[in-house]
Amino acid sequence: MADFSGNSLTCIRGERVVFTKLDFSIGEGEVLYLRGPNGSGKSTLLCLMAGLLRPVSGEMLWNGESTREDAETFRGLLHFVGHQDAIKTALTVEENLTFWAEMSGVDPAKRSVGEALETFALSHLASLPARFLSAGQRKRLNLARICASPAPLWLLDEPSNSLDKASVGALRKAITTHQEKGGLVAVATHEELSPDTNVLDISEFTNNKSAAA
Amino acid sequence: MFNYFANPTRFLRLTSKLQPFAMIVTLITMGAGLYYALFQSPPDYQQSETVRMMYVHVPAAWMAMFCYVTLAASSAVALIWRHMVADIVAKSTAPIGACFTFLALATGSLWGKPMWGTWWVWDARLTSVLILFFLYLGYMVLYNAFDEPTRGARAAAILAIVGVINVPIIKFSVEWWNTLHQPASVVKLDGPAIHPSMLTPLLLMAVGYTAFYFWVLFIRTRAELNANKVRALRIRQAEG
Amino acid sequence: MSAFWQVFASLIQREIRLAIRHGADSMMVVMFFVLVVVLFPLGVGPEPGILTRISAGVIWVAALLSAMLSMDRLFQTDFEDGSLDLLILTPQPLELLVLAKTIAHWLTTGLPLIIISPLLALLLNMEASGYGVMLAALALGTPTLSLIGAIGAALILGARRSGVLLSLLILPLFIPTLIFGVSAVDAALTDLPSKPQLLVLGGLLLASFALCPWASAAALRQAAE
Amino acid sequence: MADFSGNSLTCIRGERVVFTKLDFSIGEGEVLYLRGPNGSGKSTLLCLMAGLLRPVSGEMLWNGESTREDAETFRGLLHFVGHQDAIKTALTVEENLTFWAEMSGVDPAKRSVGEALETFALSHLASLPARFLSAGQRKRLNLARICASPAPLWLLDEPSNSLDKASVGALRKAITTHQEKGGLVAVATHEELSPDTNVLDISEFTNNKSAAA
Amino acid sequence: MSAFWQVFASLIQREIRLAIRHGADSMMVVMFFVLVVVLFPLGVGPEPGILTRISAGVIWVAALLSAMLSMDRLFQTDFEDGSLDLLILTPQPLELLVLAKTIAHWLTTGLPLIIISPLLALLLNMEASGYGVMLAALALGTPTLSLIGAIGAALILGARRSGVLLSLLILPLFIPTLIFGVSAVDAALTDLPSKPQLLVLGGLLLASFALCPWASAAALRQAAE
């Protein structure tokens, strides 16, 4: 029973309070939608979850244990897709993907680079240097990364930006499949990706003055 | 005149006619030049037999400069008028010029060991020829440093034009600075100051080098043009 | 026309502001300059005779290397964040925008370097007679380096592995400035007239002032394509 | 009567044919929506319109005159918003905006930096260094640029990426206002920004084999 | 554990592939190295006596400068395109990833530099007795430069102003390598034993091998926050 939650998280960036006393919890097979206007702190919360930022106070628990305790193991459990795409333009699409699959440290038998390419309709671009990709193709390559090696927790920051209808469909399907396997997803988005069962509105935790200022 | 050559097919036809001619001239003049240089011309009273190095060295140095001027001129034409043949001439000239420059440098330092007692000195003539060599290298590296071939061609063309300043520096460095290297004695305003017995093989070799340049140039440009044709065909095929 | 000079001034102002806010580049250049000059005696050994003999050369080589080091970011950041496209899309002639950027570059890197140079000459035991000429030569030479460097910086945009390609392209073109810069100081140190060399440096500056912005702009235009 | 059109445009990027024989035309007060799946060439067409790329064949006309003829004047007539945001993180929001307004060469009396900031709800961030902006705020700053100095032709590449609902509304309003003043807009987008009266589907002009390969 | 070495190898492989794809990266570092060595004689004047005397210093200073020049982008590109965040998020210890990147850096820049150095020594009229020791000293010294430089490269990320200052503090750490590197060669040229200096260089290498990856990793974690 995987389970990821945060208690009373407060985050300060560059002397500005982003949010205070924020709680969240994601259960097995659940998708948490982070909503809120621009600048409310969705991306910040995702970085916090990944461990790229540290909260000023509060703690996060994975299966009831603090993520700080055994940070290395926790890092092996998650995939993070941020605004930046971490694509090396000199490498081909496949090389990019394979590299990140290898870095995940996951047993080679469990990796599925080819399938991931197929999921996001990139197979025919596999041997193309990534510099020739269009904005949407880059985004798809970045998303394919999370399918290429398994990890229970996905943290996605506006994954549907630049995607066309077909690719948004592929993304939805990938998320559903992941859910069915019992995976956890936290996604920040302004669009509707699926019926929002589990929504966290960040603007509730922001002090409007400081978040907007 | 150069509108006439703008047509690649016409250029191809012309070069295929000229190529055997260039080859024949190269073989004859080089052969005769080498014979004169090695057997007919007298040893110098100062430099003795090493003077024969001159017949290899001096034309190579001339060609190094000649090729660069050609490179810069055809680059300018390619850049301003988007003249495809000029671009190909420039691209094909660069490696040939680099080889001549290398030859001038190598034979120069081989000659320098007996004459000056050292392989290399940092005087203005030698240094500026070395810069010329770097310019050729820079041109070739820049040409291939981009993913889009046209982008590399144009960047390199700009470099070639900027670098042409170096050529007069090479030519006149011996007059502007005190150098070990000797000043011009053939290409001078008041006529050559060199004995005819040495001048003949030297000029023969110079003609031979030039013909050799054109010979290789024709081969390379034709290869490039054909590659271009293939590429154009592919694109047309894709357009359907 | 006056609108145009406003644009010119506003571009210079932005560059200088960026240089100050970032603090990185110009600081880095000056430090690099100091470092090369300091490293050299360490490498060569402390004999003052030799140091004095080569002081002008070391200072010029250091100036040249640090100009080069700072050069490669001149258009690169604008290229990467899309500002270059927008600059090209403004209705001003690109040549003059390039000139403005080059001037700003010199003000933020060349000028501090000139200001610090007497101190370094002191470190190298240069004789007092050389200082004035060294400053004059640097003042005439470093803008030339910036102008020539701008061509290289524009040519390498979008190239694979640009940094070192730049040095390959522009160092050969820097050499005349180096030669005359050093020989001006050396002449002053040996009590010979250094005016001819300074005149040549001035001529080089004028020539590159007139030609380089055109070449750089041409290179930029096709980089954006 | 402003009018912008292209005839039989063919574009090749890196030896790959993106589209062939493409025609478009935008009349006064019109918005042209560019649609097509990822990688079909929307961004490429916008770059072509701006003059950042050159077509292999075909020409573009502004009021019946070729845009190549008097390129400098034509450049003064357009605003371009691409994927890259041209924001200097060391400058404040206002400094960034003012700089681009000044570079536009437009008469200072006609510039409206303050209004533009207001339109995109950035006024309270005006003196903040741009490095502290969130993804959506950056996008808004970039969009504010086109309102800060007037120009008849707007070329927008996926302007609604990362924007929250309120900001998409502001963008819609800005486009409508521009239309009412007789402005021309070309916008590449996967979302609905307004009733699509004038849609150009780029995938019609791409040879599927080469565009997808 | 074996999985870990696979990750290690895969990172090195990627770096080398990137270096090669990006257009003969190592060739260009070598070019820079050659150009610096060529420039010094130009600045200093052509007297062969002086050149021979300073040849070891010039080669070492040039090696140091080219190591530094190629260093600054070691983490920068990964930082800018978000790869660094992802690398930090992999379950491997960051120290070892840093080490892998540093080793790849040395393989693509330091090694070619060592290979070309005899040619430059020839240009500078170095005496034959110095060649072997010079190669040994470079082989021991350049990895140290890469390791120390990695700290600077990590510090320069993120925190702008302070990062630059800190990385400037790193540069003096290069100096011991320079001094012992030069004096090893000088000793060989004057027929003195150069073993002590080489031992010191080896010691420096071991020490920086043990310490530098930790410092760099700490700086990187900072930058990502």
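As written, the chain order gives the labels A, B, C, D and E, with residue 1 at the start of each chain.
We adopt the following convention: a residue touches a chain if its C-beta (ideal position, glycine included) is under 8 Å from a C-beta of that chain, and two chains touch if they have at least 3 such contacts.
Since the structure is predicted, the reported quantities are computational estimates derived from the model, not experimental observations.
Participant: Both subunit C and subunit D are touched by which chains?
Facilitator: Shared contacts of subunit C and subunit D: B.
Participant: Of all the other chains, whose mean CA position lies farthest from subunit B?
Facilitator: A
Participant: For the chain pairs A-E and B-D, which is connected through the larger number of C-beta pairs in contact?
Facilitator: Most C-beta pairs in contact, of the two: A-E.
Participant: Taking mean CA positions as centres, which chain lies farthest from subunit C?
Facilitator: A
Participant: Would you kindly tell me how far, in whole Å, the mean C-alpha position of subunit C lies from that of subunit A?
Facilitator: 45
Participant: What is the distance in Å between the mean C-alpha positions of subunit A and subunit E?
Facilitator: That gives a centre separation of 37 Å.
Participant: So the centre of each chain is just the mean of its C-alpha atoms; given that, what is the distance between subunit B and subunit C in Å?
Facilitator: Spacing between the chain centres: roughly 32 Å.
Participant: Can you give the whole-Å distance between the Cα centres of subunit A and subunit B?
Facilitator: So the centroids are 59 Å from each other.
Participant: Give the residues of subunit C that touch two or more other chains, as numbers and ranges in rising order.
Facilitator: 22, 80, 159-161, 165, 168, 171-172, 175, 179, 225
Participant: Using the touch definition from the top, which residues of subunit A touch two or more other chains?
Facilitator: Only 83, 90, 132 qualify.
Participant: Tell me, which residues of subunit B touch at least two other chains?
Facilitator: As it turns out, subunit B has residues touching two or more other chains at 127, 134, 137, 141, 145, 147.
Participant: So in the complex, the part of subunit B that touches subunit D is made up of which residues?
Facilitator: 147-149, 231, 234-235, 238-240
Participant: Across the complex, what residues on subunit D touch subunit B?
Facilitator: Residue list for subunit D touching subunit B: 10, 12-17, 20, 207, 209-210.
Participant: Could you list, by residue number, the parts of subunit E that touch subunit A in their complex?
Facilitator: 3-4, 6-7, 10-11, 14, 17-18, 21-22, 80-83, 85-93, 224-225
Participant: Could you pull out which subunit C residues touch subunit B in their complex?
Facilitator: 151, 155-156, 158-161, 165, 168-169, 171-173, 175-176, 179, 211, 215, 218-219, 222-223, 225
Participant: Could you please specify the touching residues of subunit B with respect to subunit C in the complex?
Facilitator: Contact set of subunit B toward subunit C: 79, 124, 127-128, 131, 134-135, 137-138, 141-142, 145-147, 151, 154-155, 158-159, 161-163, 165-166, 169.
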